[in-house]
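Read through the structure below, which is laid out as structure tokens, and then see the notes.
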């Protein structure tokens, strides 16, 4: 029983007078794919915003492998390893696919400004390393041929694939995907689900919101359902 | 037409527009506070040189650190406010700094300004005449231009542009947005301090009226007409705007009307550039 | 003595709310941070001055004043429609971000004010302010023009409050929200924009003329006036006219009482620090509805 | 389907959207009271087709509805012309409450009609009444689509153009929308142009199907053919969505 990567204990949240969650307790195991279903307006996106630290819960705590999520700045939670893909995938449109990946890496030389002045040549070496890593990831996601193309010109499906590969480059351990399969054609769905199972095989955890139940069920280990402000585990 | 004076003014405005471009071109936030930092740079250098008797270069360093500290305010604005309200906050900051410089008699000499500012002497050789100052100005301008030339090659700029295009995307990748905005604002404020101090020692008399909101609008004009997000745009914008008043001096009208005529031309160009060429003549980044 | 300041604050608050309501209407209808509003304020006084000088010889006094007011407001409306067609509409079509519309409006402001100083010189002008004191007791003195101002303002403000119940104001609110969806609901966006612009400009024109009778108007006082009005609009909440009016009273009181302690030259500093404070700490006033996170 | 003249006829329509040419020489005819579904994946030009019909973007080619040339009708009078539409994600004014949305759509109707329509909305979309005072900006994706349908019911237009009404909706909501559209067609004889990429939903309710691929339309297949015994159904099903 590997230790839970994400542990939520009695979380409750209401949104503009509407009670969304009260006393929700769930745990996600490391290296699994989990899907979350729920009728419309049941607050699935709000739930992901809570985990990502973009919204404050009314009560309850969220633990991500030992670290309790604090709510003053969102980027720290993302740095700790929770990657988030929005419903509208947030790729950088005016940069090439390769540049998108380079920027997503945690150790991107842009991190701190001062080492430009003192360690100029280590920057070039680091840049070469990152390009190497980015190319491999692109091959795995079969986006290799598009590495020079501007991210803005990709189709929605490819943007979602690029977004997932950026999170992988960012070494996110828990990936929150908001509707990865919606309004995407079948062969891209195939590519996305094979990418997700690769992620699972090298120890990443995926937590996704999805309406296309038959695609989500096919690849998820556990399924959760939101039912009148509670989240239950189905299988 | 005194060519040395024009050259010196070109150097000052190249430094100013390149720094303004760093704030607006790479973070996508349009700031009207550049003239405020220009004024603060000038006043701090003058006050340090006159009251504490320091030489030019140490007081320049003090002015730079002072401007960098003050630039925290702009970073605070940029982390909380989005495009329109950020621009508005910097406009208000500009007017506040101007009215402090203009009204605080005890320290800044109020509306009379400060005169007899000591000149610059390097290793005993005192600079005098516009030719010497043009050389000093050229030296500083060269530093600023080469800094930006190499700055554009680094991966740091790529990250800045990504943050500018999709801030939320960068946050969800764990990038600390305000750190990068702080870097841009403080480096820009430091360079602007150099321009301010150069103007003070060159003119040997400064008063608040040369650091008004109109000055900020002029600097914004420069990066808008030249275009942002690269090197040629701001440099061209600066030289164009320094040449322009020389032409209006040709037309036989009295000086007060001349000033209004200049502002009429600036505002007309501003409106036309924003409407027809939003990313300026050479610029890459469009304020869309 | 302090009661006199209270009375003075009320009259200046009423005047400020005329400008602020005009600004609010235009900002909501066109999403442009209409700094040129200040230029309209000043050019109303200049137009009034010129028309009055023209008609004074030929017509009896009060007819020439009435005629000049109407002609000045007409001239302003034509001017704002020209600005809409030449500057604001192309930007609206290109869906430009709001900082760019702020600069263009600032460009228009600079253009109009400097055209005025180019032709009429830099000195301030005033419309014969030799008015006798109508109400005077040991508490406060009220000159004729201030009384007239207050009455006109109260009338106009109540007209505007009634107006905010009509279909037309819901159209403005719809355009503020999302003009494409508003078009689907049958809201004629172009026409509403023009009407809002003209209504706002007429209001600010009247405010300018009335102030012109009270004190001398400097050509570049417009920017401070419109930015003070924008502070009221932001504090009062961008989409509530009543909020704007209440905020105008608050600002007028703060400004006038503080001028009593520190000297008048610091008045600008106070207004702009107030603007910064409101912008930075009063986030709620800017985003009228708490949108969902992704649309941030 | 009645053999009246085509209520809507689109002849060699070409349109482009922010610079890129999207639709090439489109031809489509709809009879009155027909639910026609245009199937195409995202980026094939469905939203552009909606924007072209409702004159939100300029396009060349002829679009006639009830013998009136739509290029002369601006978007704001579309409802008077009897045409209503729902863009992708629903048409929502964030600052307006649910009630204000419906009043806006009812603005052209007199008092008696208003009461009748309100009663009808309460029956078909009970959830809307619970959210009556709720500000639309806080509604979830599905609730926004249902609110848009309530507005469509309020304007009572005869021709509806719907762009991916079921995108991102849970199955039971799709069911509600499907029944609503069928009721609109059968009881009120409305013509509906459905732009969808979700096949199962489209096939249940559509009378005819057309595929849109890279901006050009295929032949129009009548759905009854699909509803024949199984083997025909599966064969044609593959060809259509190849």
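The letters A, B, C and D name the chains in turn, as written, and every chain counts its residues from 1.
Rule of thumb we're sticking to: contacts are C-beta pairs under 8 Å (C-beta built on N, C-alpha and C of every residue); 3 or more make two chains touch, one makes a residue touch a chain.
From a predicted model like this one, the values you see are computed outputs, not experimental measurements.
Shared contact partners of chain B and chain D, listed by label: A, C. Across the structure, the highest number of inter-chain C-beta contacts is found for B-C. Chain geometry summary: the mean Cα position of chain A and that of chain B are 41 Å apart. Annotation: 44 Å between the Cα-based centres of chain C and chain D.
Chain centres here are Cα averages; for chain A and chain D they lie 34 Å apart. Between chain A and chain C, the centres computed from C-alpha atoms are 49 Å apart. The set of chain C residues that touch two or more partner chains comprises 290, 292, 294. Residue positions of chain D touching 2 or more other chains: 135, 138.
In chain B, the residues touching two or more other chains are 168. The part of chain B that touches chain C in the complex is made up of residues 29-30, 76-77, 80-81, 83-89, 91-93, 95-96, 99-100, 103, 168, 213-214, 217, 220, 224, 256-257, 260-261, 263-264, 266-268, 270-271, 274-275, 278, 287-288. Residues of chain A touching chain B in their complex: 52, 73-76, 78-80, 83-86, 90-95, 99-100, 102-104, 106, 108-110, 113, 116, 123, 127, 166-167, 170. Residues 167, 170, 173-174, 176-178, 180-189, 239, 288-292 of chain C are the ones that touch chain D when the two sit in their complex.
Against chain D, in their complex, chain A makes its touches with residues 15-18, 37-43, 45, 87, 155-156, 179, 182-185, 211, 213. Within the complex formed with chain A, the residues of chain D that make contact are 41-43, 134-135, 138-143, 164, 167-173, 197.
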